[in-house]
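The same chain A turns up in both complexes below, where it pairs with chain B and then with chain C.
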Partner chain A sequence: MSTASARPPAGILLARLWRISPMLVVGGLILLVVALACAGAPALTSADPIKTRLGDRLTPPLGLGGTSTHLLGTDNLGRDIWARVLYGGRLSLILAAGSVILAAASGVLLGLMSGFAGGGVDDLIMRAADVQLAFPVLMLAIAIIAVVGTSPLAIVGVLALNGWVIYARTLRASVLSIRQLEYVEAARAQGATAPRIVVRHVLPNAMAPLLVLASAQFGTMVLLESGLSFLGLGVQPPQPSWGNMLAEGRDYLSNAWWLGTVPGAAIALIVLGANLLGDGVRKVLDPWRNV
Partner chain B sequence: MARYLRRRLAHSLLTLLGVSVLVFVILRVMPGDPAKMLLPEGAPESAVEELDRQLGLHRPLPVQYLIFVRDVFQGDFGQSFQYKAPALQVVLERVPATVDLTIAAMVLIVAAGGPIGILAAVRPGTRYEYGGMVFAVLGQSLPNFWLGIMLILLFGVALRWLPTSGFEGWRFLILPSVTLAAYPTALVARLTSSSMLDVLGTDYIRTARSKGLANLIVILRHALKNAVIPVLTVVGLQIGALLSGAVVTESVFAWPGVGKLIVDAIFSRDFPVVQTVLTLSAATFVGINFLVDVLYTLIDPRIRYA
Partner chain C sequence: MRKSQPNVRRVSRRRFLARGGLVLGGALGLRIFPTASYGATQRSGRIVAAVSERMLVLDPADHYSISATSVLRHIFDPLIDVTNDHKFTPALAESWEAINNSTWRFTLRKGVTFHDGTPFNADSVLYTLRRVRDNTKLIKAFVYQDLDAIEKDGEYGVTVTTKRPFGSLPAHLTMLGMLPPGAAGREDSFFQRPVGTGPFQFAGWTRGEVVNLAANPHYWKSGIPRVARVSFRFIPELSTRAAGLRSGEFHVIDRVPPDMAQTLKASPGVKVQSLLGLEVQQWLFQLAKAPNDNLQLRKAISLGIDRSAIIKDLLLSTARPAVCPIPPGLIGHVNLGVKPYDPEKAKALLRDAGYQGQPLEFVLMKDLYPKQLEIAQAVESMLRDVGVRFEIRNLEIATARQLRSAGKYDMFFSGWAHLPHDPDWYFGQWFTKAGAVGLSRYYNPKVEQLIAEARLPDPRIRAQRYEELQRILWTEEEPTIWPYYSQAIYGVRDTVRGYEARADYYVLLSDVSVS
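What follows is the complex of A and B.
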């Protein structure tokens, strides 16, 4: 392929993107830096995120009376907060990414079925979507978690259950509108099968909205997962996650405010990054809709 | 219009039917044997069977479902394991606290989100627009449980201005309602602004301006009325999000509402209470969305004839 050699170097590409949407670049960089830091946690800290050292309880962060051994201080059990934020971020990001992928995959599949099959199948899937949307997300999630348990797989499943509807509706609408197009009818008349039409025509056209939805949903999933963990119904201690760190830090607000502040700031940063990226992607892929 | 409303009503009832099936499946079919959970550990098999019969658990599942639906229609959601009282009564006692919180939040959302969005739209390129944008982005990124804790830290612990937990008067309402309203306010500001921008670009607004109408009248009487429709849909949908947010907010501020109740009920495995909260909140949501649809037909005559 000649496109690979003709592609401009990364710097120019980045500059071009910056001109179209600075939000996309800033959001993408935030996500990238945080993801790399979490992935490279062992290189960035030698502290153990789980082992407790009661002698080092509640040391303040560097610059507020703390030392460089514990950059962000330690928690009520003497664990290094910097290490816990990094290792906790790994889990939070993986769970969020997993649930976005599962939600998108199942939503796309159901949306395609709904759009192509029509009739009873369509009705069934769309009514199921209505039922799903009738429940307050967090209430349904905690009710299911209470029954199926708090394993990472269960958390991903519950989050995906909450996220599939939006993809299904988008894909269904996309199938319905694209079936009317003349070139698709022509393809069908030539004997193209439904799977072929999906792969060749529906999916390429639906790709842009799917990307917008997925990048915006990533932040929501991080929020939901940390909300569950905050309530004690997500990632279980001693395994660190931003949500359960925040819940533990809540009891020390008056004498060790950094316990609750740091993990919350991490969540806010990643959600901000995801929201900016989502807005940016929308702007780049859909320049006519100036939202 | 009557046909449209009839169809919407049928639609809502169908959704409620689905809601009842889902609640039944989650709470009756999945958690294993409720009789075993009710009885103390190591109870004899005969006692379990006896309770099974009392609870009707020996019947086939479809029959159990029909009994469940009949009971719900009679207002019988079962006995709360924890409070030893009818689950419906336990939940209804907590409803006023959540309603207070939700109404306070709704007032904030409309009173702050609307004007911020309108200002950002009618003054493009000024600090109003950038301020509105920053507000919208930040408001949608801060996790509400963290915002709540930070507000407690600032106004409760450091400044000692406001009470941080409990429910004894309007001053207790301030921090929780701000916490709950932050995200939806940002969303409404953003939607109002983009919807306003769409409307302001249309021909009839140009006509109104060319007639020499005052800018304020054009914006408030002509533009806002059309811009408000997409916002209204989202505000209707936000009721569900507010109830979700209430789960977290009430837990942070020890607010004695339905959200805190369902979290407590889950930890004590009080499934009748969980089931009641789920059913009632979904029914409220479906009902409110039906009302929003009715409201549409009143605001926008085009929908009546569609």
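What follows is the complex of A and C.
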């Protein structure tokens, strides 16, 4: 845990990270660029992602017979695909980030409880985790969304429900091993309360695997959210999301490939970025790295 | 089960999940073709048709599935056939007439035998009609509840009296295959290996996958059938049907959407056949709910929808703008004029309607109608331009239907194929108080009266009543938007001779040969 005064300039830090793990830098940059592009959608396009223009439908991208008004062409209803990818990405990324945060928070909490309390609580939480793992994700999602509807909150909830288990399990394992260590014993001997031990000693030391999990899971969540939207369970048309754009483009693969290809490429890019980042973080945080 | 609710039963017939009919039992053992001798006629070849809807029953009285109607028409003959231009022609009945408003008399064809050699006569008709009237577990039973006495009138005559006028009875009979009376009391085993008088004999099936048929060498219509064997495969996935057609594995496929039709037209060895179908699209308003109960708002919405843009750009001109609820060719069709597109007038009406901009829910049954989601989004966008906000809810079919019966929608994307080539069923279900209570909540005593009068057997009276009631619906009340009539589009191999694309979406292969 370096202090502020000892922090080297950003450039040097980046170069150092690059030496340790180029993957981390590349993955991080991909995510950053995509996230910035989506956040700055109104600045990058003036087109309305929802407005249909039936006369302009299925115009190809620029350079393939299209014009600069529609950089990536238009879809089956004449909507600008560049605008839809950006605005759709906003929603996809926010939903994925929200669900990773929710999943990590609840998973960490339950993992801590499980590891610390042990006994009945531990059993209860771990069996709940088993049940969760035994359930096919999509079936559960269909069931939940059929009941509560397709609001963004419901989507985040469904995704988080699918994601909390790995955090809980990982954290529980860390807690069980850290709990035995001398410095925890020492803290306890000095009269530290359980919450203090968790916050000061256990969590910081269990953080590394959590970061790896979270960054890798971000990609999975984007994929899963796209899957839900693809099946019509996620973001509802006419609101764009990468998943429902892909679904609409599927029928046009033979005569207008760009409809499905563009959102598909966006999903692939994000998942690639998140996985590279996850691998990179693992490498950077690996305590055995220099051995 | 929901089975006892006539409402659910009726609306679900289009993609029918045949409830009941647990006929799975013998399915696996029956896949081998019988080694029948095909007589003197030189029948050869095999036609494979791939249809989109899975067929789940072999009982002609226990489904309202279009694919089951198609397949079972090959095994069983009905009393009456219907041509592509909606003329009723003799099948097992040589003639029929309405003796008075509530009595029909049928004269039966002589010299017809079932596949097992037993002769066809009035007993077959008596058994078939009484069964579908009395066994209320059968899905078609609700239609035949109006039948009163079903009596023999000689060896080849049957008289049917009805509790109220039943002018559409001949039309309904086109969908009901005649059973041998010997099936009585052993229906379960009979429908594992059904025997009819039809042009093909049942040779085996795998429920929901494939039905195999072999030519009936003794069919009463000479020269029919033209091929030795026919298989129906059930393949809901469009791309699989299309790929099979292009590779030559299938000879005929049904339910080709407009974009795929363009692709198929460019494929070698494949033809596309299409014609205006019996189907009208309808977007229902929930009339018991504000603000849809406001006529001005409904009129504004109707004026805000550019039907010709939808037809031209999304359906690639494979539909025709509606001019009244009943599709062309059927009794009661009348030209009441295409509904205009006039966004300025729509905006003006909207101001008068007092609509506050609250979002309305446009509910869709997922993947049921080709291109429905695109069309709904185009409609949403058009209406946003005139100032009406819609939210699209694309839901699982069962969920959407629940919302519809509960009245929790503002506009509902639906359609209706006017089987059996007659509008009586449609109006009885959607525009009478009893039917509409779970649908649009429509009720107008005058229209109800007209629907009842349109059940008289006299076709002139029927046509006049339908015209009058459609005028009320089309110009005065606009309880529903009928945007267009759809086309039935089929893909056919060019080796197939004599295939006729059907307006009722059936796939009929008795008169078809393959080279």
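Criterion: the second predicted complex is superposed on the first by the 280 of 291 C-alpha atoms of A that agree within 3 Å, B and C clash if a C-alpha of one lies under 4 Å from a C-alpha of the other, contacts with A are read in each partner's own complex, and residues count from 1 in each chain.
The rule we apply is simple: contacts are C-beta pairs under 8 Å (C-beta built on N, C-alpha and C of every residue); 3 or more make two chains touch, one makes a residue touch a chain.
Keep in mind the model is a prediction, meaning the values are calculated, not measured.
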| item | value |
| --- | --- |
| Partner chain(s) touched by A:N76 [first = chain B, second = chain C, both, neither] | second |
| Partner chain in contact with A:G55 - chain B first, chain C second, else both or neither | second |
| Touching partner for A:G232 - first (chain B), second (chain C), both, neither | both |
| Contacts of A:L246 with chain B and chain C, given as first, second, both or neither | first |
| First, second, both or neither for A:G118, with chain B first and chain C second | neither |
| First (chain B), second (chain C), both or neither touched by A:P152 | neither |
| Of chain B and chain C, the chain that contacts the larger number of chain A residues | B |
| Chain B versus chain C as contact partner of A:F135, first or second or both or neither | first |
| Chain A residues contacted in one complex by chain B, in the other by chain C | 146, 232, 254 |
| Chain C residues within the chain A interface of the complex | 257, 259, 262-263, 306, 309-310, 312-314, 366, 373-374, 376-378, 380-382, 391-394, 396, 399 |
| Chain A contact footprint on chain B (complex, rising order) | 11, 14-16, 18-19, 21-22, 26-27, 30-31, 137-138, 140-143, 145-146, 149-150, 152-153, 157, 194, 197, 237, 240-241, 243-245, 247-248, 251-252, 259, 262-263, 266-267, 269, 274, 277-278, 281-282, 285-286 |
| Chain A to chain C touching residues, read off their complex | 50-52, 54-55, 57, 76-78, 146, 232, 236-238, 248, 251-252, 254-255 |
| Residues of chain A touching chain B in the complex | 127-128, 130-131, 133-140, 142-148, 219, 223, 226-227, 230-233, 243, 246, 249-250, 253-254, 257, 260-261, 264-265, 267-268, 271-272, 275-276, 279, 290-291 |
